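The structure appears right after this line, and notes come after that.
Chain naming follows the written order as A, B, C, D, E, F, G and H, and within any one chain the residues start at number 1.
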Amino acid sequence: MTEENIKDILTRVRKGALSVDAGVEKLKHLPFEDVGFARIDHHRALRQGFPEVIFGRGKTVRQIEGIVKRMLPHQHNVLITRTNAEAFRAVRKLERKAKFYPESGTILVHRDKTVHGKGKILIACAGTADIPVAEEALVTTEAMGNPAESLYDVGVAGIHRILSERSRLAEARVIIVIAGMEGALPSVVGGLVSVPVIAVPTSVGYGASFNGIAALLGMLNSCASNVTVVNIDNGFGAGYVASLINRL
Amino acid sequence: MTEENIKDILTRVRKGALSVDAGVEKLKHLPFEDVGFARIDHHRALRQGFPEVIFGRGKTVRQIEGIVKRMLPHQHNVLITRTNAEAFRAVRKLERKAKFYPESGTILVHRDKTVHGKGKILIACAGTADIPVAEEALVTTEAMGNPAESLYDVGVAGIHRILSERSRLAEARVIIVIAGMEGALPSVVGGLVSVPVIAVPTSVGYGASFNGIAALLGMLNSCASNVTVVNIDNGFGAGYVASLINRL
Amino acid sequence: MTEENIKDILTRVRKGALSVDAGVEKLKHLPFEDVGFARIDHHRALRQGFPEVIFGRGKTVRQIEGIVKRMLPHQHNVLITRTNAEAFRAVRKLERKAKFYPESGTILVHRDKTVHGKGKILIACAGTADIPVAEEALVTTEAMGNPAESLYDVGVAGIHRILSERSRLAEARVIIVIAGMEGALPSVVGGLVSVPVIAVPTSVGYGASFNGIAALLGMLNSCASNVTVVNIDNGFGAGYVASLINRL
Amino acid sequence: MTEENIKDILTRVRKGALSVDAGVEKLKHLPFEDVGFARIDHHRALRQGFPEVIFGRGKTVRQIEGIVKRMLPHQHNVLITRTNAEAFRAVRKLERKAKFYPESGTILVHRDKTVHGKGKILIACAGTADIPVAEEALVTTEAMGNPAESLYDVGVAGIHRILSERSRLAEARVIIVIAGMEGALPSVVGGLVSVPVIAVPTSVGYGASFNGIAALLGMLNSCASNVTVVNIDNGFGAGYVASLINRL
Amino acid sequence: MTEENIKDILTRVRKGALSVDAGVEKLKHLPFEDVGFARIDHHRALRQGFPEVIFGRGKTVRQIEGIVKRMLPHQHNVLITRTNAEAFRAVRKLERKAKFYPESGTILVHRDKTVHGKGKILIACAGTADIPVAEEALVTTEAMGNPAESLYDVGVAGIHRILSERSRLAEARVIIVIAGMEGALPSVVGGLVSVPVIAVPTSVGYGASFNGIAALLGMLNSCASNVTVVNIDNGFGAGYVASLINRL
Amino acid sequence: MTEENIKDILTRVRKGALSVDAGVEKLKHLPFEDVGFARIDHHRALRQGFPEVIFGRGKTVRQIEGIVKRMLPHQHNVLITRTNAEAFRAVRKLERKAKFYPESGTILVHRDKTVHGKGKILIACAGTADIPVAEEALVTTEAMGNPAESLYDVGVAGIHRILSERSRLAEARVIIVIAGMEGALPSVVGGLVSVPVIAVPTSVGYGASFNGIAALLGMLNSCASNVTVVNIDNGFGAGYVASLINRL
Amino acid sequence: MTEENIKDILTRVRKGALSVDAGVEKLKHLPFEDVGFARIDHHRALRQGFPEVIFGRGKTVRQIEGIVKRMLPHQHNVLITRTNAEAFRAVRKLERKAKFYPESGTILVHRDKTVHGKGKILIACAGTADIPVAEEALVTTEAMGNPAESLYDVGVAGIHRILSERSRLAEARVIIVIAGMEGALPSVVGGLVSVPVIAVPTSVGYGASFNGIAALLGMLNSCASNVTVVNIDNGFGAGYVASLINRL
Amino acid sequence: MTEENIKDILTRVRKGALSVDAGVEKLKHLPFEDVGFARIDHHRALRQGFPEVIFGRGKTVRQIEGIVKRMLPHQHNVLITRTNAEAFRAVRKLERKAKFYPESGTILVHRDKTVHGKGKILIACAGTADIPVAEEALVTTEAMGNPAESLYDVGVAGIHRILSERSRLAEARVIIVIAGMEGALPSVVGGLVSVPVIAVPTSVGYGASFNGIAALLGMLNSCASNVTVVNIDNGFGAGYVASLINRL
């Protein structure tokens, strides 16, 4: 979508040749910028409520840099997941405010800190080794304008640890539960609350954990009815959906 | 939890020995009725916002009957999933209002029809063979007090079918997307809307669909960020979570 | 091992040509009766502390009958697992005291009711549909001379159900925990007690439970250190090992 | 097949002792050159329409060099896939025209640029990280004499990106669709066109993508009937078959 | 798409308000008939070159009947796969010309027998037990207007059987190769010809064939470059793509 | 291969225009009889040392009958595996000597009882439920002219059972070891003998035996170096290879 | 749980406001110390009979150091598994007595050497490559106060090696059996003894051992009834449970 | 087994207290040397016909050195598989004649070159990348005293390559066939010969080859009856069994 296209649409709207609704519709579904190796979806915020997020894995530093350069003029916040310190150095040259979270490899340019969430998002994780995934979820919820809190190391084999946090569980509007190994925490949390629980299996474990398959299957088979699941280690996805729910 | 327990708590609350909040807390987490083969969780509505649902598979007709008999005095609505016509006949003897949905094997006693949802839930399914799962989701959302609508046979290989329903997609507050085979519909729908999408893989397909594994993996790897997933054929779970979100 | 062999050994022992220990050793490892389709291990009680148990699946009623006929003169108790009503009718003709447990398909001839266990075995199961496996475990512990108790329907999604049974958990010397779906109960129970927990995954569930694989993996990856695991639906194995431990 | 063999056949053909057809048949199926570690199939172009392609993985630089040396006198174009810069340096010493494509690790000696394809091949890929596979497909189609074009970053979660390219889709005679993660793009493209679609799953993704299994299963279960599938990351195979089809 | 829509488009085309190309485009992508449980895509022949095919599995006889009734006025040929004799009886009441192929469960209404294919399609299968899948492929190619031939029982363990058919292989324009067990036939055939080979793994076999997984993996890993693969037992898909290629 | 072909070859051999060896070679690789649904390989005995065996699964009774009818004039012994009583009744009408082995579903026409084996084949199986597979192996070795013996119910959990048969193990020239569940018997037997051991995993077991996968993997990973493996339940294959080895 | 909490509880117990039992209960289930990245469970020894063990994998050296620093004042023995030499150097600065076992990566601070076990634990492993896992089990049993012994390289393919150790097997109160590849040793050992056998599959092997899956499945399907299983390579878990059993 | 034991046996044999056969039996099954980390089976040659082979993977250079040192005085030939150049340097210090095969990582001390095989072993492999596995097989057959030959790069996609070697196939007494990717070569070779074929799947391939699973499954499902299979990449096992067969 070139500037000409946008002008044309707006001209037609002003003249009454196009209703306002129809104009919004047109602007919503077409526009992206083709930079060869990627098509940047500048109007995604309009259509989906949050600007496009850059998934860093499989992209070169040069490609990330190129995309960020084109996004910065359009978006207040830019979020890049699964990337590294080298990409961060390149991004910081473009924007001083960029911040790097090394455990999860996330970069956030957080210029607009408006709160969009209507309540608090709670992020609980079973073990210390799950913290990188929790961090990715936390940064995502922050980037999308939510108050969020986290509870670390509350795995089910010491059930009193999660039970002692019942009041914090009760205050949350959405809960993200992160666990590797047997992935049992979402079922326990799910049974204690009346809000949606988003479960994130992690690749933490060894042997028959099969890099997160055990946890993933456990969560998909949760006997708590309020649990839905995202991909293994997908802290970003959980943070994203939790934010959408919290905005409703 | 016997009647004595409840009396005791209430007496202490009346006397001021127990605050109201503390009383609620106590009543919330303890009570269930042990009938030998099952522990019926009568206070689950209090704790989780919806009464316990009976998962029919693996339970005998006698067991289902026994549980329903104990639930009917406490709950307005009773929902039984994955059951059959024989169980339905037994339940109808206990309550005339019970209704049976044979495609999904669901029984619903729907005495309280209060609307709890704040918006509309849309249920879209890819093919005709996915309808039983869609029905389970639909009955669940109904039982939990939501306006709901469904779109059938809108699979991605004829993309114009789902694109022509954009306005209905845009009106929904939560969307359930049900698909077997390659399970691609949630990604497409997810990209068109700004609300949470709950994806349900179905066991529809053959060969390398591996009874729903292909669809499940497809949905877990969705490139749309607003998609979470439930178990294969779990229409109930999707309906349940969608209802919780719609109540927020 | 024919009668002659046994006589010979005993004669040599009486004459001092063979020490008592050496005699036991000889008698312990050699003897079985070859009936063509099976080799019945009459001295297994001597070697392993409990007579051979007949695994019914894959054996014809005739074969089961043939084995039982040869066992009855040597053993007080005869246990047959994974069999059916037809086999039971054949066995009852041989021994009136035989009893059939239809949910698990177990036959028990329980003539010797001596208590061998030093404490109580507790059998906890997550859902109503897991009861057949629990029954197999219970009959096995009984057959091997243990006081045993069971707790049904104490799955983790209603965590107060198992927490309200803490005192019974604390009294057990060994605990068998049976669960399908996500198989999370052993981790929670394991974290509450200081005795060995034997976890039995069941094939209860659907979709991504993959007939018990989800529960099996969950249990193998339990973050509670006192959990060991047996095969899917193997109530017998769990009851057997629990009995061995309880005899120590 | 030595020179003597060929002479003998030709002499017999000239004398009429062998029909021309029979001569072709003989020459087609026998000849290869045994270099110890490999049997080079010099007549493959005759039999299969394109000279043998060297699959680099698992071959040492010395082996690749040895094979190329023997191919260069017989073939105009030499294609080596899944190799590296070191092999390229060795090959360039043998033939200056060799070109290296580092993203996919492909070497092409492109001396004969005759166009064999009757139409255009379109190569569409879902994300930026799929570009190396697309490059392998593109170089292959080029080496086999086809006009080809590519569309990058047109994944289904922003469906307008592929829909805006309908006219280019409509112009292609064969389409290669490359996608990782959920692998949904071939179903959408397949539903928009009336030509064969060759789907290439890629190992792009993480967690439950299982290195391309999710995408592979998605494509095998495509609800679009015009889709066939090649191995994960097999850009070469897709390019090869697309070229064969385009030559028909 | 109602009649009114079509009239409107045509009127605008006649008046010159819409170019012919734009008219075709409009007619191609929108129209389907919503019958509640299915959306029938009447213009698919226009868009994809062949009318919609009914996949019978998971549809009730009533649903199939309903769809066929609406298709018959629009399509000359109607193809229903994976269905049964009961559905056939219902369809034959609607159209006398319907024919049933019981081995594969295919129904074909073959009113238009125009030849569209430019050459011959050859269908080779490895064993007698693969014939049902071959039949599905054959009926599909017939329905789509192709001369087709089949070779049965030419598996690789008696390599002379396929080698003795070299001349028929050489005459085909596209080849479908169907095999269960180790699925090796496509590699051998692929190496003998210069045309595209579409491989269909079948669920024929036992034990470690895992219902066709062994054959599927074998074909995906074929060392012949001209092989693409469809789903296990998907004779229809292979026939469909072969027909598209043969029409080019 | 018609009679004319054979005559021609023989004539040329008699005249010296073809050496005897060349004649054998010609006769060995070409001939089969095409009966439409199957190509019967009458000269397989010549080429492979044993006539073609009919794999019954997936063939109709009519097809089996048709093949047997054509084989009987050429072969002394006819072996049909994985078939049923109905096929047997049809075969016995063609040849009175046919015998049926119901546990494994094998039919054998055993007219030629020449001994070809140079030693004894021993067939050991772990449990009573493995007997059907053992029977298939035994009938195959018999059909191919071998003295064979079997040992039933010698599984490793009562190691004295197999150790007490050491002398019979030592006498065998080839040993077939059949086991389900953990499939450990081949490793133990392999370590006791100096002859080749052919391991057959069976689908006997439940839960994590996954229909024989556990046994198959166990055998493939055997720490005894003299073990090779055939498909799950493939008693025929084991008997066949054992016979080939025993003939050397 | 701060010192104040403990004082308060004890004060109330002394005053009779709290019974002794109730006091124990309170102290048992609540206390842990939240250090941000972990919740250290200081009273676990009270509740579970052994202090919390640090699982090193996925924890930074700094985190391990932080946890150890807080544990040393409360616990006599500190056990850290799956860690490395760098963490050991940090721990030794905190406590001179720390010892490192490099094959398994275990650190043990062994200040209290009281014997708690009532008998001997025997650790048998199949091959030399299994020794690291055996070491982890051995150090764990030592840390928990047990006399233990080990037998290395007694795999089943040389059955005389384990048979020659019968007397040592007979003396043990619990046996840990460790094996990779086909994992058959537990079945053989299980059949020779009358005590519980804890089987540990290892990732030793290659190809179809699938990093320990073959051994794991073999052990789960053991035909010896006295075998339970822990996760692949989980020497610690086996040592832990063996210690619990040995303390009974 | 100490020297005393051996003396005692021999003395008893000389005195006639023990028959010669009984003496052999005794000597055959007991003896091994316990070096702590390993039990060296010096009498294995007596019992199994070939001395123990050292599997190098998972053993330290020191351990390999220690085992070789003890073997050299007892065995003429010493074979070490899956090891490396470092181990080779240590072994060559012990014995100058040691030779290293770097592609497969095999060490052979070949002092005794007696021929034990009665015929020729042929080793055929499908591609250049399979050569390391072929080398392991070749060295093993050599070490065990067999004339052996190899055919490289005769994969089925150029079927004329293997067909042109028919005469060499016909001369072999046992054939080892090695292939990765789809693993089809054993079926083709199996169908051409009347001797046992030992199939070795290799991990050569990518994507859906799953490190050799595709080839393994293909070979287990071979439609050629004379094929047995060993583990992925197990050239040693194939060479070992082939040697045993060739010695018969």
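Operating definition for what follows: a residue touches a chain if its C-beta (ideal position, glycine included) is under 8 Å from a C-beta of that chain, and two chains touch if they have at least 3 such contacts.
Note that the coordinates shown come from a computational prediction; the quantities given were computed from them, not determined experimentally.
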For chain B and chain E, chains touching each: D
Minimum number of chain-to-chain touching steps separating chain B from chain F: 2
Per Cα centroids, the chain farthest from chain C: D
Rotation in the CA alignment of chain C with chain F, degrees, nearest 5: 90
Interface residue identity across copies chain C, chain G - same or different by half: same
Rounded Å distance between chain B and chain C, as computed from the means of their C-alpha atoms: 38
Averaged-CA centre spacing for the pair chain G and chain B, given as whole angstrom: 42
Per-residue overlap in chain B, given as positions that touch at least 2 other chains: 29, 127, 158, 191-192, 207-209, 213, 216, 220-221, 225, 231-232
Every chain pair in contact, whichever chains are involved: A-B, A-C, A-D, A-G, B-C, B-D, B-E, C-F, C-G, D-E, D-H, E-F, E-H, F-G, F-H, G-H
Complex contacts: residues of chain E adjacent to chain H: 126-127, 155-159, 163, 181-184, 187-188, 190-192, 205, 207-210, 213-215, 217-225
For the chain C and chain B complex, residues of the former touching the latter: 127-129, 131, 152-154, 158, 160-161, 164, 204, 206-209
Footprint of chain A on chain B - complex, ascending: 25, 29, 47-50, 53, 118-119, 173, 191-196, 198, 216, 220-221, 225-232, 236-238, 240-241, 244-245, 248
Chain A contact footprint on chain G (complex, rising order): 29-30, 32, 34, 36-39, 41, 44, 55, 57-59, 63, 82, 201, 203, 211-213, 216, 231-234
